[in-house]
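Common to both upcoming complexes is subunit A, partnered first by subunit B, then by subunit C.
Entry: the complex of A and B
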């Protein structure tokens, strides 16, 4: 393994036995998977099988900071938390951009694996090689901010970093989050896994450091990165507005996903970037080492709720529109409730919107909601539903399992209003009218997701660049088809590099030009890795490592039972046109979707007719062990799992 | 004639709306050239070294998305609103 840049050890914690052991990862892990999501995806594949219940004691909860986390590399702040996906049963992970990862590194670890289940609620204190199992009976039931404050009072050092769950995680809400106070590990139910282990918080304080192989080379690369940030138009408004700026894009294309993904025209003015900036923004904050500082705390400054504040990111605004919210004060209150209870805003927003539409359609009644009449945009009612979900009260008990499972339980045709992919609720923007975005949601290895790829390169590539990189000028056309599958594969691998190295997807893997994007995401990423670790790496080699990791996750999902039929999107996107706005009448055209999907499979070296991996591709990637597991499963289950 | 120009998100000193004066019969290409001149040393935010509008900027004429190949043949009239929208690139 590389000597520099890494912690060098792995910490295994068994909560049942209250025992911690320290060992090392095999050196091939460093060579093949680099760090972060790469380590975790391989470990999950080895530790959890198709029969593993994600909420059982044996199911692992794995934290790994990216390879460059803890170093001065700009935006290197991302840590991956990996689990067996509570919503889908397949691969699951979530990524947080806070400080917990650097403390893990400074404590000497590249990975922390937690298994077992404590007899009573505990919180863990990791201080270098010392691991304490602390009684959490006084913390159980507390909300996230209260938990953070209570633990800080107990500890003399302010340097500790705390990742905790709220009541939603304790009650095993399937989309509960883990939060470290700055960032949130939001998706796929990581907080429920933590709750299932009776683990309230992970507290880390490291006293070691990370060595850098070539500091002057690193400094030179940092200067180059900062120069790009200053020039790249994509990043300039991020400094001014944070992520609220995405509203303008939604408005011009009419892809709000409003009112359970139906409306293209929406009363958005009360949620405009200017309103958040002028009326609510308290301060710009950032993840470690980030020159962009896109995070925003938002406060209500007047009226009945004066003084309430919470952090607001773009996706929380987007899902608020999915619930029909039109007012910034309502939004801050609702998002604050999600954050305090420890709920994933993406899944919770979609699930609440699902319940509202079911009520609209007469599938659910007032009796189901304790006499309430849910309506899109009714903040008071949404706050009550959030509480019902968190504490699994009434209909909240069903909704706590996500919209897919809730729809199966409710029946009566409600399934068509459940907006999910592989059991995981839909995120980001409405894909109607933009076919590759629809496919990108479908091919994500953790269920519906807009961060698993960067199909948005179709907006910034010139036709010449598209032809050169993806084999067709059409790849630079929003409605184009040819080349889009190749572009999707390329962009999935590209952004996966960010998760291996711990680099921010906004500040590193989004840009206004292909030139800036490739310069940062490939050339400079490789330069940073080489300077920090002393292991020379090219952009192409980073892409190869990323492709390897994507294939491991795909194989995990195949073992779980996912097939080509599951690489799809909610039927609503295919059959119901957007109502109103600039995209009025748009659908996802099924033939375009299928054409892009097949080109994608081909680009990945998978079988286009089944979507399954091929032996040749897995061997080419050095994944013979993964191939052997699939072949063994195939023989034992008499089911085709690779070709 | 006067054309209202909006740049979203605002990337130049917070200013996201201004009026550009053009000769009658001018095209969207002419507007891009004039806007670039007005931006002075900040023009690199909008155009590349070849002085072409970066593809990440999409142009909407009165809320209608234009094809970049049509900029030079799309004529403007007094009171038109042209929006330069930066690519979403995520979210």
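Entry: the complex of A and C
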């Protein structure tokens, strides 16, 4: 009997044997981890260890739709794809807000686990319980949109959902993505793992459905959420401008991360939210079930490239600034190329910016770039480098391994221009001048990431709220230190709930006020989960499940070898001040960083001096099995992994 | 609205009414209507059995398709077993006991508005949720409306009247300018 809200089964696919088996997850996984990232993080811990090569056949690629995905719950559109991180070697996952996840659920599954490696390229057709391994030799080499179109032509029903890789994934570019046409699983190299398995596409058609425990209670809660969307000042511009509106935030604080994270002043007017809205936006579109509708296809309407269009989200604008792009038409062309090749814009943007700075500093020369002279903002050149990376030609072969590995191979002091944390390229805004954001990038369990937490609450919490929730009024001050570690822990757990349930971290876990945020993120999230599944949960219980999942990921990273010294940020942020703009001169002060980091470890119940987990904490969270694995490793390897 | 529509005595239906010229004035393709429809009418959430369906293609085009509640319903006329029956509200529904899943209604409906259940193979169509369609109530873009052809007729005529008025104004202004230029 399927549980309300869930598919009920899991599908294991072995590509080597071309075999599919259906079974069930242990029922305590549902109780402890709820779904999505929760299931995946535990399964990855069970299935991969420190010795597993992320691109080997035995390494798993795990898809799990969030617990509420596939139901009408607003913003419940997120699916987690989990791997052993290709860039960091630790925990890796990526989240997409498209239709592939709900289709997996309609086919009856809460998790799809793919292992092995097909002898020749294949695509998978999952039609409820039937799984076909289809020859993909005619698809291999095709770009993402072409692949989607070619598969649709082969199939009688248009209602299938397709997640595929582009040429970048086939060529094992370490930051290749998986895309389902609407959304992209972008980070940590999920596309490379799919490519390493000779798997071009996962196609799903599900005829079953999700049962809802209490539809009228659910409908009532949906109305409440919809009212918040209309009132929360944070979400109102989101409807009008989509995510392009973050430009105003970057301009306000001077945290563009422009030209490889150096400049706080940048010629951004050509990329303003108004320009995208007036000149390029086709229409407000959305992820499944989202009333906010922040997605935009951006089209070039005049000139040589008239008619070209692609999906542009904020982070693609941000990384375009990292590459020095100042013109919206250039941006659409470059982002279009990333999307078509199947590259992660975040990692690729930082890696290309790294290469440009190396050229600027004389570390790389014209010869390294086949006679080209890379310069920040040169779109034609960036398009050429994108091609070189995708097909691993010339210097592209080095850059395809990410800026960290490229810098190790290049040497000559290039390491200080490689902007990465644990091997994963830096994202979002410049953290200089905002110490807790720097720490939040460092503590993320999948390498540099701004979505693993929500330290942005410091911008809207009142000093009274900060004192009540995080023990210090200082936590409401951007430059403050006391209470920031506790705030970071709280916000990591809060947004993790989103990944367990499949709710959007933006529309659900960002707000203009603490009151709205807690009302949505805790009370309403719990209400939705209870109404859909019939299992009564409170916001606090959701937070506990999230904390559990975070601890499993941390344990996976500790097993991989990450220690306190790795919970850090690129040296540039500590030593080189932002140039220009309102944040001119800001750095991340090392003492503030360390104080917040230790307060964070303490708030997590970990050992502040080593950052390692404690036996007591793992037991308290019901993670004795995880603890036992660490104990065993510790004995065998004779290194301390647990305190 | 529903009551007034009935008084006008033309078929009341769910109609896609985009606000042309507004970026947020179109169906966004979110599928909230589909999942709520299937949950409410079929007891499970899956867009494939929703009676309202969103047809999408690139770039960014999404169009809701739903029963027009025709006055002379071709679906019912084509049904060999007379499975289309009016419910208490006077809305045609498919009797699941009688339906043989032959697909004649799917072929005869000019709008593709009949839904085929992929498991049972039987048909269903929009029943207006008893008078207050949930798709309308929960559409975040507010672009599907309860409509009758009679109301729509007036609305469309008004839309065109405004365009016509503008055209005449422009023509008049041009004529005036030309006269002025002739002096």
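Just so we're on the same page, the second predicted complex is superposed on the first by the 641 of 643 C-alpha atoms of A that agree within 3 Å, B and C clash if a C-alpha of one lies under 4 Å from a C-alpha of the other, contacts with A are read in each partner's own complex, and residues count from 1 in each chain.
Basically, contacts are C-beta pairs under 8 Å (C-beta built on N, C-alpha and C of every residue); 3 or more make two chains touch, one makes a residue touch a chain.
Note that the structure is predicted; figures quoted are calculated from it, not measured.
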Which superposed partner A:461 touches (first subunit B, second subunit C, both, neither): first
Contacts of A:643 with subunit B and subunit C, given as first, second, both or neither: neither
Subunit B versus subunit C as contact partner of A:240, first or second or both or neither: both
Subunit B versus subunit C as contact partner of A:522, first or second or both or neither: neither
First, second, both or neither for A:297, with subunit B first and subunit C second: second
Residues of subunit A at both interfaces, subunit B in one complex, subunit C in the other: 240
Residues of subunit A touching subunit C in the complex: 70-72, 74, 99, 106, 159, 206-212, 215, 218-219, 222, 226, 229, 239-240, 277, 281-293, 295-297, 299, 309
Parts of subunit B lying in touch with subunit A, wherever the complex brings them together: 8-11, 14, 44-46, 48, 54-58, 60, 63, 65, 83, 85-91
Subunit B-facing residues of subunit A, complex: 231, 233-234, 236-237, 240-241, 243, 245-246, 248-249, 252-253, 273, 314-315, 318, 428-429, 450-451, 454, 456-457, 459-462, 476, 505-506, 510-513, 582
Complex contact set, residues of subunit C against subunit A: 23-24, 26, 28-32, 35-36, 38-40, 42-49, 58-62, 118-119, 134, 138, 140-141
